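The structures considered in this document are given below.
Below, chain A partners chain B and then partners chain C, in two separate complexes.
Entry: the complex of A and B
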């Protein structure tokens, strides 16, 4: 099975919802093309285990050549959703359609998907070659053709020198590469990755993330990854679906998820965030004014339909907040406070500031100059301010 | 033993204990039996000569020992046939036990985790009754007017009484029944260790369930198959009680021959020679067993 060369249909560059777009692959956005058929469609998928609902009525489209991430804490249903696509769990309700074909009742061995397991699940009694060629042997492919394809996969993942080794003679990183090679050897249309890098240490994991992206791009395969690591999802994915307790909370590009989170849960799950709770005091010119409970007046540009008096939250990323000793000229979005803690991380510093209203706010500042003229220190009185388009209004 | 001068002397005590046990209760008795096998039968108490005494001296004692009993055994086809027949019956019975035990062990390993201790208990439960009593129970089941006949006639499967008591078939049934746990437990242990995601991976890569079994499950259970087969085969070759109680006159097994020589003919030296030869017959599978264990240890490092 060869992967159809996508990208023939010139992707229409429709502007995405929200004020900002920060997709890394700006040209690739099949999810915005209403005519583009999805390669995977989950239709109203629900999965119950006895009285526990693991996945709640999820409808989701994934497109060819996407690197799609299912992100969420453990127990959120992301692995169950992936395992249903692999055929290892049957949905209680709903349909799964792959390339226009209903595969809901298809056994795993007939599905055009291959999975890379969290435990790698390498066959301990077979060599690296044997493991990678396993799927090809099931198809009854001629021996020389198998050897060719196995060699190709081994070359792609730099495994040739380990061809005759058994899995227990390999390091964790090498095993991970064998597992990936085995999953792509059959050239499936979709590769499923269940926490593929969970067992690697941090440095190796970053290296492996880029390797995954390289393989995904060179093979042109659709990758669907399950992960609980938001940085990993942000790094590799074209789109991220954030899940919580069986629900799909938001599906968007990494940039959109970061800049325009839909709920407080997502804003906190991906990256650090400052949340101001408050009530809407005015709505005008696409701007929302919020009277925060800690006593400040906040103004933010927002497309979120809100009404005066409604309870809302303003989510503000630490790097969007300016911190200085001088009072800013503007009176909106300016809060005085006292520095409580400083986290020096080398390239950047975190400042934890307690406002007059008692809220703790984190601001981030790059340590650009070697010695800042007036460096901010503990117990300093400072001003925090940010532009009107820095924050996001959340209603949930 | 290694020549390293370990400062921890207690370690040597720990190692010495089992070796001392083997020396006293295995090696020394073996030499007693071996010496007996080199003696001559005599109408006396004990029924053999020579008996060591300080008055005649060690040289005199050794000069009376010979390999006469061994040449006799090799010259008489009865013994050779008994050896071959024992090995054959044990091998067939081992294979039958494997066929019965494998699905059971597989079922146990796949059963819900909460059930597994109970199932294990059920396997071991028969050991709580005397082995002899359980074999006697089989007589009651297998005899022509026994429970098996009664049951199968009632079901209308047979119309005439079963004629399996006192045949080799009854011996097979007895061995399979008695040694089933020895096959089942190592099989279960190796099947239970197999990571279920390996089977998912096999299916994911296009292998149908039956092929997955032969490509993944069975090869990975081979250590258990080896261990189980040897644990059944080795004692089954020398089995005496089962062929004696369930087998007929046509069931030739070396254990029975040995018993006859020892108790009926009171020929202790010949019986000892038969026993020593039986040990040599079993050395081959025992060595295989040891090697297998060694390999498994290395694989599971």
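Entry: the complex of A and C
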């Protein structure tokens, strides 16, 4: 028996399909323009700590005005990659290029990037104003100019009323805003955010995510965020790089990552997924037929080139599966089963269905119609079906 | 909440404190003795404090002592702070264990041995013994105390605060003076006070390292006592006790306030995560 559902996210996760509203501007996709130079380029970056390899030969381009997310579980190397860009770690191999300039050996204080730390790292002996103005004072900017810039940053983050307070007189949310204000005060070209919202509670975190997006859009700065929270990455980012054990697994827009995950790891890491293990039994005009181990023939469109006999997995999102009492008219991708569990979540319900072959499949149904359809209940015999373009064929 | 003392506790505390402080108390009381005879009470008077100011030899010794204490405490604190930073910040480097062991060895090394080895060295290199040799000796043995005090503070210091400063454009030197030093200042001050008081009442090292013309107060007192205790000695000792007490209490107070503050901040941080 295979485990059908790899669930790591909350059930309310509903990714948006189609063009993303969170992108800085509609049609914003510099990564598709081969002529556009990247603002940050990691070139074959490897980082070893003694014999532990934290980052393995990563090559990655990030473009101006992007809100780029490095996503992965703790220990996957995402923070190390960010810290190398900040200048706090030296890559063992490879080059880091920012705006055409090789900064691999440049000390942190000369780099055109500013970082917001997970612990906020506010200076405890300085006021909010003093903290925000610290970077500007290092530049030797005239006092009145500093005051102006500090005031601008405080205004942007609604911190003016706290100007004279010390960090320990602020709440967690206020400290987080001071840390962000300090990171943007110098108007750097790139702002690095290391788990910036990790210490906030869920509600505050959602507010802060939208605040981050607003600041990123108004300042037009490139933001690179490190997070282990896939919902956070989906919400804020224009592109996401998923990392695992020091490797870059996939770099794509949130929609792409959700709809076309490249590996089983990613399909399970972002959102819920049903996985059918099987062998390719036929390939014809863009469609693949898979004979699954649980005993059904599944037909799906595939962009991935596969050959007959190859071991593959079909990844299928729960909301793409239709569940009903009646046998569907088409015989393609229709599987009978028995309802084992129902999770009622108000707006939607989760149905866990055991197929004849013994596989457990999760299907979602929106509770839109009010008692019109015959409701599905425990132990009901049901049919599951989905169109040929609903699933993704994975080879890894 | 009030803690009630049991009879056993009360008795042991009384005896303990009596054992520790009655000799000192006697000395303080007799420093206000009218009589010239040290062991006979002749009424209250502060005249010995007055006559102290007339005793040129004693005043000279006091002046030497204070100069030695200030100079050696300052240099020892600076060196101790640097050593502590190296130990805490540098992470692992070859010889780290040896380095930390060598810094802390004087804490347990008998004073007589340090004194003797310093004396041998000064003689060997032909260093004229006097004010500077005493100062050097005191730097050697107070530096490790300063390093311990500062190291304790640095260990719970968030390293990302320094990284943030550098990230915002501060060079390592600017980061040290604008961020690290102000944050660890209380422990640097208490390290200085500790080094100062240690230097003030040291007799053994000073005796080994001294030369003509440089007599510290403890040495002076010791040599005078051999000729007989005078009320003046009681008076100057009382002053010395006062200075040492104030120094130690201030250092303890600063450290306490600092740990309380760190504790409060930690609790706040946890409160914020909710």
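Simple rule for what comes next: the second predicted complex is superposed on the first by the 369 of 396 C-alpha atoms of A that agree within 3 Å, B and C clash if a C-alpha of one lies under 4 Å from a C-alpha of the other, contacts with A are read in each partner's own complex, and residues count from 1 in each chain.
Heads up, the rule we're going with is that contacts are C-beta pairs under 8 Å (C-beta built on N, C-alpha and C of every residue); 3 or more make two chains touch, one makes a residue touch a chain.
Treat the numbers as computed from the prediction; the structure is a model and nothing was measured.
Colleague: Using the overlay on chain A, decide if chain B and chain C clash or can fit next to each other.
Modeller: Once chain A is superposed (C-alpha atoms), there is a clash between chain B and chain C.
Colleague: Once the structures are superposed on A, label A:109 by its partner contacts, choosing first (chain B), second (chain C), both or neither.
Modeller: So A:109 meets both chain B and chain C here.
Colleague: Is A:125 in contact with chain B, with chain C, with both, or with neither (first, second, both, neither)?
Modeller: both
Colleague: Which partner, once the models are overlaid, touches more of chain A's residues, chain C or chain B?
Modeller: Comparing touch counts on chain A for chain B and chain C gives C.
Colleague: Check whether A:172 is in contact with chain B, with chain C, with both or with neither, and answer first, second, both or neither.
Modeller: Touch partner of A:172: chain C, not chain B.
Colleague: Thinking of the overlay built on chain A, is A:88 touched by chain B (first), by chain C (second), by both, or by neither?
Modeller: In the superposition, A:88 contacts both chain B and chain C.
Colleague: Once the structures are superposed on A, label A:201 by its partner contacts, choosing first (chain B), second (chain C), both or neither.
Modeller: Only chain C is touched by A:201; chain B is not.
Colleague: Residue overlap on chain A between the chain B contact set and the chain C contact set?
Modeller: On chain A, the residues that contact chain B in one structure and chain C in the other are 86-88, 107-111, 113-115, 117-119, 121-125, 134-135, 138-139, 168, 182, 186.
Colleague: Can you name the residues of chain C that touch chain A in the complex?
Modeller: Residue list for chain C touching chain A: 158, 160-161, 163-171, 174, 178-179, 182-183, 264-265, 268-269, 271-274.
Colleague: Considering the complex alone, what residue numbers of chain B touch chain A?
Modeller: It comes out as residues 195, 197-198, 200-208, 211, 215-216, 219-220, 299, 301.
Colleague: Can you name the residues of chain A that touch chain B in the complex?
Modeller: For this pair, the touching residues of chain A are 86-88, 107-111, 113-115, 117-119, 121-125, 134-135, 138-139, 168, 182, 186.
Colleague: For chain A, which residues are in contact with chain C within the complex?
Modeller: 86-88, 107-111, 113-115, 117-119, 121-125, 134-135, 138-139, 168, 171-173, 175, 182, 186, 199-201
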